[in-house]
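The following pair of complexes shares a single chain, subunit A, combined with subunit B in the former and subunit C in the latter.
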Partner chain A sequence: MTSTSTASSADGLASVGPRDGRPAPRAGTADGAPAARPGRRRRRGGEGLLVRYAFIAPAVLYLLLFYGYPIVKNVVMSFQAYDFSTFFNGSAPFVGLDNYATALSNPIFLKALANTGLFTVGSIIGQFVIGLGLSLYFRKHFPLSGVLRSLLLLPWLLPMIVSAAVWRWILEQDSGVLNRFLESIGLISEPIGWLTSSDTALVAVIMVNIWLGIPFNVALLYSGLQAIPEELYEAGQLDGATGWKAFRHITLPLLRPVVSVVLLLGVIYTIKVLDLIIGLTGGGPANATQTLATRSYELSFLEFDFGQGAALSNVLILIALLFSVVYLRANARAAKNG
Partner chain B sequence: MPTAPRPPSASRPPADRGDDRVPRLIDAARTARAAQPVLSRRRLGALLAPAALASTAALGLAGCGSSSSSDPTSLRIVDYYNTPADDVVIEETFTKSAKDLGLTFSREKVPGDQLIPKVLQMGSSKTLPDILMLDNPDLPQLAASGALAPLEQYGFSTEGFTPSIADLGMLDGTLYAIAPTVNTIALFFNVPMLEKAGIDPPTTWEETREAARVLTGDGTYGIAFSAIATYEGTFQFMPFMWSNGGDEKDLATPEVAGAAEFWSQLLQDGSASRSVVNWGQGDAMDQFKAGKAAMVVNGPWNIAGLTADTPDLEWDVVTLPVPRSGAESIAPLGGEVWTVPVTGDEEKQRNAAKLLKSFVAPENQLRMGTARSTIPGHAATAEQFASEHPDLATFVEQVSTARARTGELGPEWPRTAKAIYTANQEVLVDDTDPAKAFDEAARTVS
Partner chain C sequence: MTASTAPRTSPAPARRGARAPRGLVHTGIGIVLVAIMLFPVYWMVNASLAPQGNSLNTGLLPLHPDVGGYARAFADQGQNLLTSLVVAVGAAILSLVIAAPCAYALAQFRIRGTAVLVFLVLISQMIPGIVIANALYTAYTPLGLINSVPGLILADATQGIPFSILIMRAYLETFPTSIVEAARVDGCGHLRAFVSIVLPVSRNSLITAGIFSFLFAWSDFLMALTLTTGETIRPVTLGLYTYIGTNDTDWSAVMATAVMSSVPAVVLMIAAQKYIAAGATGGAVK
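Moving on to the complex of A and B:
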């Protein structure tokens, strides 16, 4: 029933104008009677509700199938002894919280947790500060700024695995470009083992991730800046707000909605970065760059302990979720007060 | 994964069979999803992309599998031999054997790192092939899951095989797989560099340390090896650990720590780059090719590339140095094994076993060994191989005393392998005391 009414109302709408496949004169004569009635009927009671549900059904189904199912499955798996043989004989006995206990009590967990925190905070600060600086810079009009801006997007265009390979080569200890460069300008005397020392590996990985994240920050912040009317600055100038003052009292408050989006998305993207770390260090050396994401991957796909892997990725999801909630709340409050 | 060269994208597109592709595509998508449910969205995307590519690439051949499933003489084979050197001889050998037996087959070549995910997918969707190749350390896990048919029931015997190579296919005394050829690692050296320095190829650790020190300098390191945080790093460590009397069942021993100590000395002397912790075996070989390493621990699978890329480089191979003269040099066995998965179709399984038996016959071992620079599994055949290929004689010798990595631990091996490479990295990178690092490693696997 619902489908006939939607179909004929669509017919009715379409028949008002010319429609392909049907000669125009006939469309004119067909106008009116058949179209108008179903259109009115649609407004009546329960049926309209059904129609509305029918329209959102595909989206709901899609969400349940592709987002709901994996998450539920992931939660269920984390309570099961889900390993290599499960794929062949289907047996995955429930083991309660064993997977969580084992995964969380492993000394690597705390290290991975700390690394995840450092990696996320470091990356976000770096990306945001540099991104904001660059977008402010590009607000000034100067020749070739368009070309430079598009060049800035390059890291975004490269496949992650290519970026990782290139950076591995740049950061190579003995023949890497970065060490050679730093030596030539006299900044260092001994080559630095960027990816081979546990002191610097995390820093190096964060550096590369910042490089990767800058385009995203610039693109969003720059468009946010474009939306601030120039008149405000002119008015501010009359009141003596220039330079830092203008930034503090005009740019920042007006940019705040964009900033919160950039930071929130940035955190969600960064907290689960996997491919970059796998490509650069594989979580090494000596677990120095192991994060919750790489550890979960390692448990599932190298040790084939899918139960523990799922447990760990649930912890990751929980952290991301908590962070989002706290952040959104804080933001809502700030918006109300501001 | 240290056992075979696995170039990233040498796979040739399979022949287009054109039949029932759409249902296959849906199947492939479904199994891909079923096999990777633990991932969050972003990672799912990252991981699914290659998986989806692999399954798409496999469509042509996979499609053939289902259309011919009623025909018991038509078999499906899955392996990861993608490089021309491997691919051609494997294809030829199967073709010849199948022809003799009145069987037909279709081969599906998966990228090396996609094989296990693919096997898991096929396992959960009950679409395992009739013949399946595996990297040998993966065998115990799969055999323990009940997915593989014991081979004795089809009249397989490992008589005449080098015992350790026969062990590669065993789990708890049952034969599940067979290795026509194997490989291992030894010490490659740059002949002119050693001659110029006036030193002989080292045979003991002390000599190695000394030689590496002398050969270091002027942009060249004395020795290169792989201590990367993957199973390759463990693979390279095993000969040092075993030759020193260490054992994977108990990592908290002075023998194991002693081997780690030797590696760290090479780094502390400056005779090996600290980058070894990021080098795979291919990377280490590249250093050797570029003249940046005078010696390198590596395997015969790289010989083809070595002669092709650097025809002017004069190199030779000796067995791996031992802790003290007189000790036995024990290397790990690398290479792939072939299995008959349980598909439920008894007649097909019998035919698959027949084809496999013919495939691993001694004359085929010789043929594949020659084409792929790998060592025949059959002891007598290996001897004949050594006399025909004196340049590979060192590897034949090394194989005769080599050990299977999974022989003692079976399905427990991967966890121990990870503990070993992690401990090694702690020693090499953080200067952790070897004894302390391996005590810790022993605790994580207990």
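Moving on to the complex of A and C:
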């Protein structure tokens, strides 16, 4: 979320539970060798291991069909000349690394790669800094703080394409409210074509994505802050650690595991953002906001070159997996220390 | 006393029972911060109520609200809203039906491969949607699943199912096994124990998983964009997107559509606050 991808943002965390990877504490019902220990459990007729596997079978089947198959298919397609004619004559000859060579040597690829980097780094820094500031602020006890904090989540729940539409209207060159506001306070004399000028489009898209990502950062950082015991601050206060000092020596070190999880998940979800960019600029003007994800979409669904589209999306998978591995390690460490 | 409790911008928590005026100042600043963050949402509602033809100069306040935008939006997008509703409800149900038993088995049964499966479910959430869309398009075409509600439900559940498995498993790990074991001693099968004991007791996690699966599917744009080609089956997210392209002078109708597409999120947020919070932090970072 971020619609989607941002919406799905918190997902990975579900597994952060401290029991990850540890054996469940009910060794008595182990099913490892049921035959060797007859009578150990009440007999349930034929219902044993099979029934247990039946519980996970639908999920495994689904994941195989809707994740396993697409990944394999994507890899295979990336080595094929798979284009629109394939749908008619079914022929998709293997062409080795041609798709990779063509897609990666195209100047648009380098542009998209650089944009993906800028988009991701810019978004993450902005979201994190503002998100941390807001969660620190809302940590204070004051009337309505809980209500206001949950209102902050709203942008995260909206469909990403809705946010794109709204921002398109706000950033509109001639009648958008941002330009009208900036003109009225005398900051600009000419309306800026935020999304239509190749100088500003990427900045504008990053700005909107920062706005979208703030709620996710606030939600996780706030819950991380809640886990820091207040006594530590009281003790720190006695030692003269208040304000910035308390933040540096108490908050930051204790928040670090959460911070790494937030940043890594942020990266993983940001590199695949597609809805927002398609909704705001469609990758334009002149590829100014083209990223790996939008370029892959463009190759497959606008140019109908599924082979090249697949090649690019495999590059995207590799990058996502790289960060996923780092994330899972950080996550396991956070769980161990928690 | 006043000196020692001078306002701080530090993260140190203000004492409970701080003097009321200072609390109110904080509330005031908090309201301003939230207002800035939510301005785009306000602007969407405001623009949706602007009279047509005047939308190029939307006022700061909807002093002369006009629901014409809503009438036009509903006429154009009503069918798409219905499609979205059917798809999102379908995807939420499918997610729960598939994920709940799996989450239960992963949390409670000691079966081979549990750790691997959990790992794969986690990783699956990090696969870019465009990868799934790329392959599904080529598979859906010969299967006749392009432009179909079942096709969209199946594709949209790609987000709901892993999320639901993880969030319900986290909950079910703390499930009191003794209840199930007691029932099993009384001759209750795995399936019956699951349906009549586990599911009712874990209602909260089911609701959380269901809400998020619904929202993922409702918000989906990518699958709608790639797996539908006509106007017959078109979720409202895609409807809104094409609306911008064809209708960019009638912003009040476009924004009315945006508002209507946001309604489920807002309603859920109001009605299910604690579930949203539970899902947002996904079992909490420990």
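Keep this in mind: the second predicted complex is superposed on the first by the 257 of 338 C-alpha atoms of A that agree within 3 Å, B and C clash if a C-alpha of one lies under 4 Å from a C-alpha of the other, contacts with A are read in each partner's own complex, and residues count from 1 in each chain.
What we mean here is this: contacts are C-beta pairs under 8 Å (C-beta built on N, C-alpha and C of every residue); 3 or more make two chains touch, one makes a residue touch a chain.
Here the structure is a predicted model, which is why all the values come from computation and not from measurement.
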item	value
Subunit B versus subunit C as contact partner of A:220, first or second or both or neither	second
First, second, both or neither for A:296, with subunit B first and subunit C second	both
Which superposed partner A:99 touches (first subunit B, second subunit C, both, neither)	neither
Comparison of subunit B and subunit C by subunit A residues contacted	C
First (subunit B), second (subunit C), both or neither touched by A:53	second
Touching partner for A:196 - first (subunit B), second (subunit C), both, neither	first
Partner chain in contact with A:115 - subunit B first, subunit C second, else both or neither	neither
Which of subunit B and subunit C A:127 touches, first, second, both or neither	neither
Touched partner set for A:153, first subunit B, second subunit C, both or neither	second
First, second, both or neither for A:179, with subunit B first and subunit C second	neither
Footprint overlap on subunit A, where subunit B in one structure and subunit C in the other make contact	67, 70, 73-74, 77, 87, 160, 168, 174-175, 272, 274-275, 293, 296-297, 300-301, 306, 309-310, 313, 316-317
Touch list for subunit A against partner subunit B, complex	67, 70, 73-74, 77, 84-85, 87-90, 106-107, 160, 168, 172-175, 193, 195-198, 269, 272-275, 281-288, 293, 296-298, 300-304, 306, 309-310, 313, 316-317
Complex interface listing, subunit C residues touching subunit A	8-16, 18, 22-24, 26-27, 29-31, 33-34, 37-38, 40-41, 43-44, 47, 56-58, 97-99, 101-102, 104-111, 115, 117-139, 141, 154-155, 157-159, 161-163, 165-167, 169-170, 173, 177, 184-185, 189-191, 194, 212, 215-216, 218-222, 225-226, 237-238, 240-241, 244, 251, 254-255, 257-258, 261-262, 265-266, 268-269, 273, 276-277, 279-286
Residue numbers on subunit B that touch subunit A, as the complex places them	35, 37-44, 46, 116-117, 120-121, 123-124, 141-142, 144-147, 228-230, 273-275, 277-278, 292, 411, 414-415, 418, 422, 425-426, 428-430, 432, 444
